[in-house]
Amino acid sequence: MRNLTTLLFAAGLGFLLLVLAAGLPYGHPPMLVGQGILQQAPATTGAANIVTSVVLAYRGLDTLGELSILFAAAAGAGLVLGGHRRRRRPDPDGGFILIAGADLMFPLLLVVGLYVILHGHLTPGGGFQGGVILAAAFFLPLLGRPREALDHTAISWIEGLAGAAFIAIGLWALFARGDFLAPMLGKGVLGQLFSAGTLPLLYAAVGLKVGAELSGLLADLAATEARDP
Amino acid sequence: MNLAEQSAALLMGLAIFLGLIRMMAGPTNPDRLVAADTLTVITTVALTGFAALFASPLYLDVALIYGVLSFVGMVALARAIEGNRS
Amino acid sequence: MTPPPIEFLLYGGALALVALGLAGLVMARHLFRSILALGILEAGANLLLVLAGYRAGGVAPILTPGTLGQPMVDPVPQALVLTAIVIGVGVQALALALALRVHQAYGTLDVAEVRGRMEADTDAAAGLEPETSRDLPAVERPS
Amino acid sequence: MYWMVLLVLFVTITAALAVLLAPNLLAAVAASSVVSLALSVLFVILRAPDVALTEAAVGAGLSGVILALALRRLGLWGLGDDNRPAPAEGSGDA
């Protein structure tokens, strides 16, 4: 009975939303803010990827808030899982193929992650995606050899320093220009690696922070005690 | 779209259907995992095809990241299915 | 019969994802499955936001030599969704950590069972008699 | 383009149904990674390569890894043969 009511409710909600969506314009968004940003973003920030300039320049404070939310989530998960880090019986090692494959993939994943971070202002990608790839890169060898553990002190240092670097760049812009996280250091030539001023530095800080947080989270999840069914 | 692109889309659609059938019906969990892995490979190829269709190299990055990371995800799922057997 | 226009398909798909995720979130009896349903709901919302910024015939909002001067899709919803996806995985990890702790404490993840044991625990902590069942007729309840 | 969008949406909805109705949780996790895969293709069709890249990295890599680790820690990793009864806890249907 309860299931039937829920299904009816969900179907009704879907129908209602569909009726609302039928009034939305498709293919011709009333993009006033977007149009303005598209016109002046390359001249203002010097980044070829306009999404990057929205994320880091027009909405940089928002990104700082997102970083703190992610930090709170990772810290909360680590706190919840914390007391059970010691395991009585660790998982067995993976087979030869998994260990050799993980060792082969590790440098490739590292290079791909750094490429995505450093080219965040030119091609799709950036700090968040590159951080995820870095976390996956550091987790893959751990999947083959579960007995080894990541160095939690180093991870916390990297995370703290990267967060401090993000805020320091923002404060520098605040004192030099009067706006928090305003673009600095000149714009350079559109489409080259060393362009867009401080945006690549900010994305590098974001990438290191996200990567450190997520790999610490993955290591915490992997190190909690396995439970037999 | 010319004939080559249309036939490529048709073949990929067929492959996706076959993988989907195996994923829904597969009698055991390893079957479902292998079907999901097949779907990720087909998707990587499809993303490359979209890059060719839109005539823009930007979409190749998506295919690269997808191909690399789906491997990691599937290896983790395979480790989870392995259980405590050593 | 003419096929429906493409915007109907896209909006309908996104809203179907939202409705499916909501239904699964409410109906799931297992906590793990409600976390998965939350992911589907989130995916539908993200698709809806990106759809709102699509412009017919536009190119991706990245300047390359081939696309200068062409109309582009709206970059603002895309930046928003980029943020939402990353936060979503953080929320998912936190929810899974909480579910792991619940499993360590109660040994099960069945929603009804966990709720019953939690109520019994709070009753015991407050020094109340354990309530046998609310579904019994009033005569058989211990008063 | 129309038929491609139809196909990808079909895959998305089918995989979402599979997440909610799959007989055991590991199949549900595999289906949820298929949902994010189809969603990534949809973002590419909607000309949002940044979002597609994020969805690919998060949905295919990180989310799958986190869910697989949690499944492992919960002890729900039964092989789930449909002929044998699955572990009682992993078979909670939606």
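The letters A, B, C and D name the chains in turn, as written, and every chain counts its residues from 1.
The rule is simple: contacts are C-beta pairs under 8 Å (C-beta built on N, C-alpha and C of every residue); 3 or more make two chains touch, one makes a residue touch a chain.
Keep in mind the model is a prediction, meaning the values are calculated, not measured.
Between A-D and A-C, more C-beta contact pairs are found at A-C. Work out the mean CA point of subunit A and of subunit C, and you get 20 Å between them.
Averaged C-alpha coordinates give centres for subunit B and subunit C that are 24 Å from one another. Centre-to-centre spacing of subunit C and subunit D amounts to 13 Å, using the average Cα coordinate of each chain.
Under the contact definition stated at the top, the residues of subunit B that touch 2 or more other chains are 58, 61-62, 65, 69, 72, 76, 79. Looking at subunit C, residues 10, 16, 20, 23, 27, 51, 53-54, 59-60, 62, 64, 78-79, 82, 86, 93, 96, 100, 103 sit in touch with two or more other chains. Among the residues of subunit A, those touching two or more other chains are numbered 49, 51, 116, 123-125, 128-129, 132-133, 136, 139, 217, 221, 224, 226-228. Taken as a graph of touching chains, this assembly is complete, with every chain in contact with every other.
Listing the residues of subunit A that touch subunit C in their complex gives 2-3, 6-7, 9-11, 13-14, 17-18, 21-22, 24, 26-29, 31, 33-34, 37-38, 41-42, 48-51, 54-55, 59, 62-63, 66, 69-70, 73-74, 76-77, 80-81, 84, 123-124, 128, 132, 190-191, 210, 217, 220-221, 224, 227.
Taken in their complex, subunit C has these residues touching subunit B: 59-60, 62, 64, 66-67.
By the touch criterion given at the top, residues 1-2, 5-6, 9, 12-13, 16-17, 19-20, 25, 28-29, 32, 35-36, 39, 42-43, 46-51, 54-55, 58-59, 62-63, 66-67, 70-71, 73-74, 76, 89, 92-94 of subunit D touch subunit C in their complex.
The touching residues of subunit A, counted against subunit B in their complex, run 91-94, 98, 105, 108-109, 112, 116, 123-125, 129, 132-133, 136, 139-140, 143, 226, 228.
Only residues 9, 13, 16, 20, 23-24, 26-30, 32-33, 35-36, 39-40, 43, 46-47, 50, 54, 58-59, 61-62, 65-66, 69-70, 72-74, 76-77, 79-83 of subunit B touch subunit D when the two sit together in their complex.
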